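Order as written gives the chain letters A, B, C and D; numbering starts at 1 within each chain.
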């Protein structure tokens, strides 16, 4: 089967972001989605440190370290963008004004619970940042992740074992092997990579999966 | 290309239906979106819940909505003014419901809605009849009343300038409730003195970022007038 | 005895407003205080409809009806003033950032309770505006009022009979006959107009009054 | 004449005592008031409670305060970064207390303090370990956690320009926590790139009105630098 590359995953997520959407792309992998948004679409990127209408990275040497994103990388601002303080910025998120938030994850449950902020390992310094606000604030929360850990364990699970970021907040999971809808009714497979079967996907994940347009598969 | 600008006020308010809740900006006449309200009256919808600081002055704006019997309920802080005779008559005739809210609670509850809070403990009104029946709590030796967010289906506001992405700047004390109502309504409709090119509003001085605004209509207004004495 | 005029009362209040104070002058009589603030003092007037650094009324014909005070009168803005929205404006008040608020009153209790928003008469349309926020927000709330109604009833009372605006919020009362401190310990007379005695003041008000620097009088 | 400008950073922080609670603006290095923090370190006070989004990066700013063992407790959202080794060492040695707050709750609690609210029901954190032991409530079908205001004795912030009355404007994303911290501290001290004549900041574009700022000090800063990788 053809595992998707990270860039392919980013391109796949970008397809589902419609013109006019207000979007927050989380730190790490989701940041890549910006590279695949069609230039002809007006899509508004928000960064929770206080900017809306975020543009691409500046050319090397042109960085302004007072114009950064939440990952503390230098960015630019599009014409029509704006700056605001942290309370207004999180009001955008928590008040339900963002359409889509794309986040990475350690685990997502078939019911949409998210674990992405802390491994819970003893001695690990906990750090949450805006993760919990992002998870529960947007109208739709998408997760982008490899479906399996390096050890082959599924990150789509029945019940998260890592500390939770938010309950029932994820609506869709884009992974390197398949795209799933998750929610109160459980997980549904929307797409799979070529060469993968629903039976194989059930075996890999160990969770009950419905198949879009078909009856429940396992 | 996203262009939130609308042809005219009628098009801007065309989605407002009977029974809608509608925030209306303005403090007295400053910031009152008169032309949007006129368009709403012309649209003929009724049974509205209106959220405004006042309950109409003279004949225009909110007063006209009340005169035309389109308002089922008004949430406001100061309905009694020398020229609020249309509210006065409707209220005495039992034709309009009034929810009286202290002005700071009104602002805080609108802001809480925009920010996604579930409720707030507010200092204003404790021990008064406007807190009767409400949950109270002593926190760090001070008394507070639990108040809930005020949100709305629509907000009609007035700004000085806007662009096609909905970014707004205001003028002087006409700013008042505009920025917080824009954040608390599902659909915010702004009448602006002029629509400018994208990028011509300095990103540092945008007061209402476009995410909070769904429709913009350019209306070269006559100057704001005084309240009748 | 020499009853103070409204202008004398305003001048008396102005004396107690120090340089650097952030002040809200309520609608009606308190507005007059602005006329007596010494020009050489930087005193910052706030109006709850969204301006700080309010200046005097404009010349007739120069009114800008988008530059008004809470009483909906045309005003001006001083150099160094600013505009802001209603939530920030009431945060100034409710968050304890204003030093002094001056209000009119129907009644003030010796313990500092205030009634100034509603007579409670049947059929009267209730209207509260910012009164309740102003009463409880500032570091100090001053009341300016005639001590007696036209019928000769004291407006300084043991217990307010009109609907309350706020509990224990007034610290000082400036009246046409005397200045009082009010609070948990009851009312204390700070000053009286010439020709008035503490005994006469007790008789007029019918409340127990201490006299500043003296033992309790009645 | 009111003039809130101070001679230098040392004079600006001279009232901060042992045991004070101090908000410090900045998100990463943007908006971090480095020179005020240096002055605070030079002042020699300790046992501080620091409120900042992070727990220090590299060697400057909050990291230096922690390295010098001046911080008893830190309230922040994101203490773990590649270059937060001073916090890391202090925390592992049990020398510093950490109150971990989701970033949106941090902003909302600071804003609530400035606005005089007693407490807020916030949507973030419900069902997670960061809400353990906290009061929760279901309101209109959604779940909320009760959170209390965060206020402080002092706020140290950085702005682009200021005037002698304390009015401030910021630069780009260096704005971040500055405006809300200024409202939540009893004494707010701002370092600004330059102090301008009263009236030269347009009253429409003032972000932080002077009422929220008690001290202003002009510090021609070097450019803000990147975080260490």
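FYI, a contact is a pair of C-beta atoms (placed from the backbone, for glycine too) under 8 Å apart; a residue touches a chain by one contact, two chains touch by 3 or more.
It should be emphasised that the depicted structure is a prediction, and the values quoted were computed from it without experimental measurement.
Hey, what chains does chain A share as contacts with chain C?
Joint contacts, listed by label: B, D.
Count the C-beta contact pairs for B-C and for C-D, then tell me which is higher.
Contact tally favours B-C.
Averaging over Cα atoms per chain, report the distance between chain B and chain C in Å.
29
List the centre-to-centre spacing of chain A and chain B in whole Å, with centres computed as mean CA coordinates.
35
Indicate the whole-number Å distance between the mean C-alpha point of chain B and the mean C-alpha point of chain D.
Taking the average C-alpha coordinate of chain B and of chain D, the gap between them is 33 Å.
Listing for chain B: what residues touch at least two other chains?
If we look for residues of chain B contacting two or more partner chains, we find 108, 115-117, 122-123, 170-172, 204.
Multi-chain contacts only, two chains or more: what residues does chain A have there?
Where chain A meets two or more other chains at a single residue, that happens at 51, 77, 83-84, 87, 90, 93-94, 137.
Take each protein chain as a node, join two nodes whenever their chains touch, and name the resulting shape: line, ring, star, complete or other.
other
Let me make sure I understand the interfaces: which chain pairs count as touching?
A-B, A-D, B-C, B-D, C-D
Which of the residues in chain B end up touching chain C in this complex?
Where chain B meets chain C, its residues are 27-31, 77-81, 87-88, 91-92, 98, 100-108, 110-111, 122-130, 143, 170-180, 207, 223-227.
Give every residue of chain B touching chain D within the complex, in rising order.
Answer in residue numbers: 108, 112, 115-123, 137, 139-140, 142, 144, 148, 169-172, 202, 204-205.
In the complex of these two chains, what residues of chain C are touching chain B?
Of all residues in chain C, those touching chain B are 47-51, 63-68, 72, 74, 77, 83-87, 89-90, 93-94, 123-133, 136-137, 163-167.
Where on chain A is chain B touching in the complex?
Contact set of chain A toward chain B: 19-20, 22, 40, 42, 44, 46, 51-53, 77, 79-84, 87-88, 90-98, 137.
Hey, which residues of chain D end up touching chain C in the complex?
It comes out as residues 1-2, 113-117, 163-165, 167, 183, 198-199, 203-204, 206, 209-212.
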